[in-house]
Every structure is written in C-alpha cells, then in structure tokens.
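First the structure, then my questions, so here it is.
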C-alpha cells in the first residue's frame, strides 16, 4: 500500500513552510508494508486539485496525509473535519481570496477525516509529542484541500483514507518575526509525521 | 576562564526539569578560551546558597549562567533583572512557601543581570531560536537564586558576571499534561545554551 | 415573528453560566417586529432536545439563538457550523460523557448556522464589541444542541433560522478561579445579545 | 488626605487610552476621608516629570495611583515594582525611543510600589474583578513614570505612597483591531479603580 504525504509551498508572509520539507523528508520511505510517496501542493485550490487528481489516479494510495502550517498553534493538530467553506483571511498565492464561498458547490456541509485521528493523537502523546484532535482546520487552503480530497475519494468510491495534520511555526520563523508565538522544531515535527505514518500503516 | 552553568532539580508537579539535563550536557566543555563547569541546584534557597557559595569559592568562575524552567513561556527568556522578593505560588521542595518576604533582608530592591542580555538574545535570534529579554524572572526560586548570586558577587567584589535564562516546558511534559501549552525540544534548548555560552565566552 | 433565545444551566466546575442570565434578561422583549421568548436548557442532550421540541412546536419561532459558555475565549464567538460528533472532555450534568459518538446517528456530517453570522459579527464590531466568526463550536453540549436544532428544523421543513453564540467567562468567574483567563462583563454580553437580536430581527 | 490618580494620553496605534478616562472619572470624588484629584500625563518622560513635580508640590497627596494601558493583559495588573530601565519597543509621543537607558542615571536598580498591592488585589478579587500582582510593569513610559515618582518621593522624604495599576484594552479597541485579544469594559475598570481607592483610603 502507498501512503501519500503532501506538504504545501510557502504562502503569505512565510518564507518557508515546514510541511514542504516534511513531505520531502519522508518521500520514498518504507513504513511497515507501506511505501511513502510525497507531493508538494501549491497554495491555490485549483492547482492543488489538479495535482491531487493526478496523484490519486497514478499512485492509488491507500491513505493520504495532508500536512499544513497553522501559525499560532502550540501543538500538532490532527484535524477531525473539513467544512464546505472557503473564507480566506489573506489571499492565496494566486491572489484568490474567497469570503464565504463553498469549497465545492453542492457538496455536503462537511467531511470527517477517515484517518484514525484518536489513535494518531494517542500515539503522538505516547511518543512525548504535544498533540490534540482539532475540531477546526480553519477556512483557508488547508481545509479546502482536505475537503476536496475527501470529496473526490467519496465520489470515486476509492477506499483511500485521508486526513490533515496541522503544524506549528518553526522556531526560526518565530525568531525572525519577533512576536511571542509558540513553535516546534523540525526534527520533532518529523518524528510526529513518522509516528502518524506508523499509526496509519499499522491500521491499514 | 570558567563559566559555571547551573540547572535545577525537578519541583512541584514536574517529573523532570530541562535545566538539569542542560547543565549536565555542557559540563566539561571548552568554549573558546573558557571551560564550562556545571552544577545542579536544589529547589530550596538555603541549600542552593550553600552549593553556590562553595562553587564560587572553588571555581572562581568568570561568569555564571543559571538555567531555570518557566512553564507557559513559548520562547527562551533571557532575564534582565532579579527583584528582592520571594512570593511562591507553590512550596519549594522542602515545603517552604514565603509570601512576600525579601530574598535577602536589607538587600537592594533589585539587581540587574551582568550578562550581556541583549547580545545573547540577538545571537539566539540570529541562530533561529525564539528568544527575548524578559523583565521578570518571577518571584519563585529562580528569581531568588539570581538575586542571591548577584548579591553574593556584589559583596565579594568578584568581577564575575551572572544571569538567568528561563526555558519553556519540554514537549514530553506538555504531551503528558494534555493542556494547550507551548514547548521547546531539548536539542534546541541545548543549542540555545551553546549560543549563550559562545556569546558570554566571546564577551569575556 | 418570535425569536427564541436559549441559555444553559451551569455545568462542570462553573457555579454560574452567563448564558442563563442573558436568556432570562431578554425574555419578553420586543425587538422591531419580533417578540423575544427565552428558555434555559439543561446541560444534557436528551433533556435539552425535549424542551427544544416543545418550544419549537409551541412558539413556532422565526429564529433560534442558542447562547453558550466557552471558557478561554476572549471574544464573542458567532458559530458558523455544528458537526455531528459528541466528544466530551468532561461529563454533562447527568454524568453522560460520550467520546466520539454521533450527535444524531445517520445525520449529515455538519449543519451550517442559518443565522446571518457575518452580519452579526459586523454589527457587533460596529458596536465596539469584540467578536468573530468561529469555525468550531467544540464537541460538547453546545455543539450538540446547535446540531440537533438544525437537524430538527431541516427535517420539519420549518423556515426557522438557527445559530449559536459562544460567550467568554464572566469577570467574577475568572476572579474566583485565579487563573490568567480573558473575561467579558455581563452588561457587554447583554449588549452583544441585543445587537444580535437587532440583526436577526432586521434580516427577518 | 488627597489621593492623586493619574492617567496617560493615547500613544502609539491607540486612538484612546482608558487610563485617561478613568482618571477624569474619579477627579473630585471623596473616598472616606480622602479627596481624589486626577491628572492626565503625556506619554513622554520629561513632560510627565514636570507635571508630576508640580502636582506633588501643590497637592501634597498622601497617595499616588498611576493608571496605564497594557495591551494583551487579560486582568487588572497591580504592579509590584518599577525597574531602572527604559527599553521602548515603540517611540513615545515625542519620538523618543531609548533602548536600555536608565530611568534615572545613578538611581537604584528598582523601587517597590508602596501601595498595599496584595490588599488591593484581594479586594479586587473579592469584588469579582480579575486581578493579580504583576512583577513587571514593562520597560516603557508606565514603568518609567512609577520609577520616577517613587524616586522623587524617596528623595523628598515625603511619606506619600505610590503605585501603578495596568489595565487591559477596552472592548472597542479590540473590536476595531480585529485581533484575538482580551479586553475589559470601562465600567468594570472604573469599579476596579474605585475598589483600589477604597483600599488605599482605608489603609491610609
């Protein structure tokens, strides 16, 4: 089975995006019986859709783990749900800024993550990594991507599980900005992704 | 020149104290022209005083860097000042809990850290480590220790520089507690101590 | 048209619940062409359902505004969505504590609030009251109540609009607890409810 | 006995300063045996000094309560201490921005507030108002003003007690800014000042 891990390109005022480096770091790994493949998505829904459609078609993954950045969060946030709304506080990298539009017109109000979110959080905490089940993935491109992936999978009838993990800022991002914000270092984030991969591979 | 680095034993509800491991980790290192020696202090003022008095006598350090834990802080806090008050929210490890007493009766209201605090913070940020100059070391044993060290040095006439660096919780401490609190991983804290040592050694 | 405003009884460690006093405070008021009726709900889903079913039947309200307490929030939170999950961190007042169960088995993943949430937030800010559109009502009884009301309305075919507004702690609750938490005073909360009522009445 | 209450003019990005309105609101009041007089200080140390010197000379107050704004704080902060440093994150209203200078060259490292800070906090909490004893008044004009007043009183030999109370943002300031920040409404702040006046008048 293939597990597809995606990260995002930098966006807004952020010069880097830890999710990009994390996705690349696990590309090609073998986790139990699973092979990991990764993909870096643009921070624009239509372009991300196209890449994801190709990857789902080509790789036929058994699971998809989207990784995204959530400035201000102190812990790894395993997202429970994606809602059918795009309400962007800032424009995406193409200058698109919907306020209150549907992710997919006519789609259901929400999709629940089909990853084992409680088991992932339990495994992360057991590994000494601060984590929680989050009930909001926000209303920006991360939420939109999880919604779109779960919608595409539901329509295609594929049994692929999918979910989203939100990451704190990197220490260097906080150091550069000067504000009083929590952060998490890259090696610990990478360990978190490894624990999530172990959990997903074990549950497969 | 010797740089003395101190950590504290665990206290209160904390099973570990990162400052202890950090002090031990740098013990015996050579930083530029400086030799690092470390000491782990008990979380009780009188016992800490006795250990510090012996160490100042024996090692005649050129600088003292106290390390302490400050739950709830998101960044490395380089303390600017110690004030002459002990106002403990919780008892120390001997059950002592002063509320509003002086650190040293008859001592001055405060001592400023004699470490180059601005230069340390600048170096930390330059190294990608979130840090700031803090204007309060609290009113617990950490503040008391910095006050007592600066008082002892002032009275002895030694040219020794001294200061205190406060550390966030470790990730495993937050993971175990379950609350929404910032943390910093041990390797990044260790890097921070190394940067502080480099700065102090360079300024010596 | 009738606008039904509900509050909740106290729960958990809270001796009071501001939503209860707010609901009672606006009971019987006339807002434009609308009459306000209020109801205090128990913090247990089945009992709350029974009371709500009776009130919807008897009053045939044009709009329902649920009010609830969200400790830790600093601003008035106009909820955007209710999700189909009950995941209680603490038991309700009957000792019921579901972990990961559906609000309504077989119900849709989520319902969006049918109140004009953006207009309410805009009106609140215009009135100098800190407010935002929240994308998570949590997974406790408040979320469950909003979900159940929107589900009942959807099934009945009534055109009634419904939503949920989350409130910060009262100052006295923070003063008694001693922790560092934001609060909002009752008169300002009441003004917020009045602004929400004006907006809903005006949009009716 | 006269109690002098001071507020500050607006500064930085703030269009208003609640301390100004609070000082004006209590001007001329009688509290027990004490008469309240108030003064609004400019946000520049030299001009504030001149006004304070005149007021201390003319009114010979028995107590001085400085009020100041501390954005980001959730509770009334009764300051314990002022330290001898000016380290301004932003310029004052005259464009002056010292980084690491002494408040008063050659002055002591710090002065402790001579108001009954513990009794004030206890009285505030008893009145249902969130409050705490703060161990840092920052390093901006508020800290400088408290330091300068305590220094002037110490040198003059007057028995006048003096202290500083820091206030959260007003709700309208948070509503206008749009950020997630705590606030406190003006009537509750005014009640806090009244409680502080009662405590100071009772202790006189």
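We just call them A, B, C and D in the order they show up, numbering each chain from 1.
In this text, contacts are C-beta pairs under 8 Å (C-beta built on N, C-alpha and C of every residue); 3 or more make two chains touch, one makes a residue touch a chain.
Please read these numbers as outputs of a predicted model, since none were measured by experiment.
Common neighbours of chain A and chain B under the contact rule above are absent. Remark: chain C and chain D have CA centroids separated by 38 Å (rounded to whole angstrom). The geometric centre of chain B is 31 Å away from that of chain D, both derived from CA atoms.
Centroids of chain A and chain D (each the mean of its C-alpha atoms) stand 47 Å apart.
Shared interface positions of chain B, i.e. residues touching 2 or more other chains, are not present. In terms of inter-chain touching, the protein chains here make up one closed cycle, each touching precisely two others.
On the chain A side of its complex with chain C, the touching residues are 80-81, 83-85, 87, 100, 108-112, 118, 133-136, 138-139. Taken in their complex, chain A has these residues touching chain B: 74-75, 124-125, 127-132, 171-172, 174-176, 178, 180-185, 187-188.
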